[in-house]
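I've put the structures underneath this note.
Both of the next two complexes hold subunit A, though its partner changes from subunit B to subunit C.
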Partner chain A sequence: MTPPVAPGLLWTAWILVRKDLLLEWRSRARANALVFFSLSTLLLFSFALGPDTTFLKRAAGGTLWLAILLASVLALGESFRVEQENGALDGLRLAPADARALFLAKALANTALLVLVGAVLLPVLLALASVSPTLGLGRLAGVLVLGCLAISAPGTVYSAISSHARSRDVLLPLLLFPLLIPTVVAAAKATSLVFEGDPMLQFGSWLGLLAGFNVVYWSLGFALFPRVVED
Partner chain B sequence: MLKNVRIALAVLALGLLIWAGYLGLVWAPADREMGDVQRIMYVHVPAMEMALLAMTLNFLCCVTYLFRPSWSMDSLAEAFAEVGLFFGGFGLVLGSIWGKPTWGTYWTWDPRLTSMAIGLVSYAGYLTLRRLVDDAERRAVWSAVVGIIIAVDVPIIYYSVRWWRSLHQMQSSPATVDPAMVRALRWNFLAFFALFVVFVMARYAIALARRRQEVTPPPLVLERAS
Partner chain C sequence: MTLREGCAATRNTTGRALRAFCAPSLLDVSNALEFHDVSKRYGRTWALARLSFVLPEGGSLLLTGHNGSGKTTLLRLLATLFRPTTGRVLLFGKDAVTERETLRPRIALLGHSTFLYEDLSARENCVLLARLLGRPAGEADALLERLGLGARAHEAVRTFSAGMKKRLAIVRLLLKRPALALLDEPFGELDPAGIAEMEEHVRGLSRAGATVVLATHQVEHGQTLCTERLHLASGRAPPA
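This part shows the complex of A and B:
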């Protein structure tokens, strides 16, 4: 009989992603809440900005990313609360699952959830702000995925930290929002360019900036996350 | 002994501030374009330099802590973050006051201003995190992780004026500035640096005392209340 072989880093991460998504699929409570929460924020932004359609059109990119950002705080905060019940996080660490695999899995699962939220929001936004993806749906999807990846990586690290702290619901956005300002600016700018056309060919550089943020945040998270969950 | 050093340094810093203030406000010539308003430079630039210095040192403390954990490194990181936040906030207000007469506005979404504002909010978040975690060891590790992540902004603040070439001017070199102005600026740097050291030492002592009080176990035999 051969002794059991520990699965590799990526395989562990894949198993954990499937576990998280399965949990999500079984209840669908969090995804439902997130979608409706972000839809109502989208409506609120439209009301707050007024009925001026030309202005709403210009603000569409920013509105979308603010709605996703606000939803991300809820999603990220919840993702480690689940692991704290019944000491599930300790169980995972003892399994033993590599902490870096845990980071990859959590961040990817959060990305998937945020992309889902964004995908539901987009058609509503297209109707509300009467914009259309002039540069094509492919580029829009690219911005959405890159932006959600860039939110999830630092968000996962910070939510692991703040889930153990006092008044965590205040702490997570306080830590996360300043860090994500440049990301949200880049994502919102790229989205507006998709909506309004890109005569100056700036789209590539904003997308590149977004990709750069991803490289920095994912490598920092990958390197530092084990120290966050160690005990 | 250490307390005497701190008092002596504080007196020295105060003396230097008065001397440098005299140089900046009276002795140095007024700027040809901006007039006397430009004298804000003598406090704005040193304050911002001290803020960036403190943020950089905080980053180094955080990295060091993750490799060689010690309470003194943790306390030093806390001291640098708070002193950096103070100097940065001070410098930002001074910059705003300078911006109104010269740029025509207190605030503009210039990359330098924006990145500095992001930095200040980040370090405020860092200090809040330290307040909200009760376990001293976890607090130290987590705030070190956060300190490393938010330090990404520090080089962006420094290089923003070169990368984007916006409203805020680039770093000047002494070669292009009037020697009298350079001299006044250098004295102000020295004064601010002395102040920086005084602040960091005081803040470090407070932080270390708090750590000591947190991690010291209670005495085995309770003393009888007399």
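This part shows the complex of A and C:
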């Protein structure tokens, strides 16, 4: 009988992503709460900004990303709750699942959830702010995916850190928001350019900046996560 | 070196006795477990204090002691889930901190936590572990049947009783085919038939050559299963 061969890093990550998405699908409570919370946030921002459509158009990108950012705190915080229940995280460590695979899986599952939230918010935003994706839906989708990836990677690390803390609900945004200011600025600016047009050809630069943040955040998360989980 | 000799050294946990105990000539790679002057602290509280013992491969150790005496901490150190504050833990001759990734596939823990995902079915929980171990899903199915969970394998764990969750945790443990089985209160939440079954599983693990460490308050069950015994009092093995 051939001895079992443990799966490699990427296959382990895939097994864990599937597990996270299956859990999400089974409960659906988190996804539902996120969608309703982010929709409420979007509406509140729109009402707070007033009926001036010109101003709403200019603020559309920022409004979208603030709604996603606030929703991400709920999503990220919950993503480790399921691992704390019944000590499942210890079970994974002992299985053993590589902590870096765990990071990849959690961050990708969180990204999928945030992209879903963004996809639900976008049509509502287009209607509320009377904007349209001038540069095309493909570029809008690109900004959405890159922005959500850039939120998820550090968010996953910080949610793992704060999951052990007594005041984790407060700690996570305190740690995460300052770090994500440049990401949100880049994502909001790129989104605004998609809506308003890009006569100065700045879109590529903002998208490149967003990609750069992703490289830094994902590399750091990949390298640091084992220490977070194990120590 | 047997556990009794190790414990004899442990019972005189002075610096001098410990140095003698840890002399390189006495370090034997055929030992499954070696605790060398191990302490573990949570904040200001010492859960374990300068504990030393050895257990040979294939041995079985009954851990006893009052609540808070450090049994669970000791098991989590053996499971490589904790790192000692001071001292050194060797498992099968390897350092439990620096070589934990190599050791973990050989270790299984049945603890107070079941390690189960409540929203997954019994089968999905077991297949998840099987896939992580690189084993076919069929092994999980066979074990679920063997432990009488086959009929409810597709139901969410959330709907299971505490005893059934315990059985499922045993399936996970057996699926690993461990060289070191760590059992923390394995008889809790089980009915008399379940306790008898659990005893048989522990005997089966020993017969398969696994080293077994069993922590329980139900000493009458543990005594029949283990050849060695270590009693902890406030994180120490008391003087003989």
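One rule holds for everything that comes next: the second predicted complex is superposed on the first by the 230 of 231 C-alpha atoms of A that agree within 3 Å, B and C clash if a C-alpha of one lies under 4 Å from a C-alpha of the other, contacts with A are read in each partner's own complex, and residues count from 1 in each chain.
Basically, contacts are C-beta pairs under 8 Å (C-beta built on N, C-alpha and C of every residue); 3 or more make two chains touch, one makes a residue touch a chain.
Given the structure is predicted, the values throughout are model-derived calculations rather than measurements.
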item: Touching partner for A:23 - first (subunit B), second (subunit C), both, neither; value: second
item: Subunit B versus subunit C as contact partner of A:54, first or second or both or neither; value: neither
item: Which of subunit B and subunit C A:82 touches, first, second, both or neither; value: second
item: First (subunit B), second (subunit C), both or neither touched by A:5; value: second
item: First, second, both or neither for A:91, with subunit B first and subunit C second; value: second
item: Doubly contacted residues of subunit A, that is, touched by subunit B and again by subunit C; value: 230
item: Residue ranges of subunit B in contact with subunit A within the complex; value: 66, 114, 118, 121-122, 124-126, 128-129, 132-134, 138, 141-142, 144-146, 148-150, 152, 156
item: Interfacial residue positions of subunit C with respect to subunit A in the complex; value: 79-81, 83, 100-101, 104-105, 107-109, 111-120, 124, 128-129, 131-135, 156, 172
item: Touching residues on subunit A, where the partner in the complex is subunit B; value: 154, 157-158, 161-162, 164-168, 171, 174-175, 177-179, 181-182, 216-217, 220, 224, 227-228, 230
item: Contacting residues of subunit A [partner subunit C, same complex]; value: 4-7, 12, 15, 19, 22-23, 26-27, 82, 85-88, 90-98, 230-231
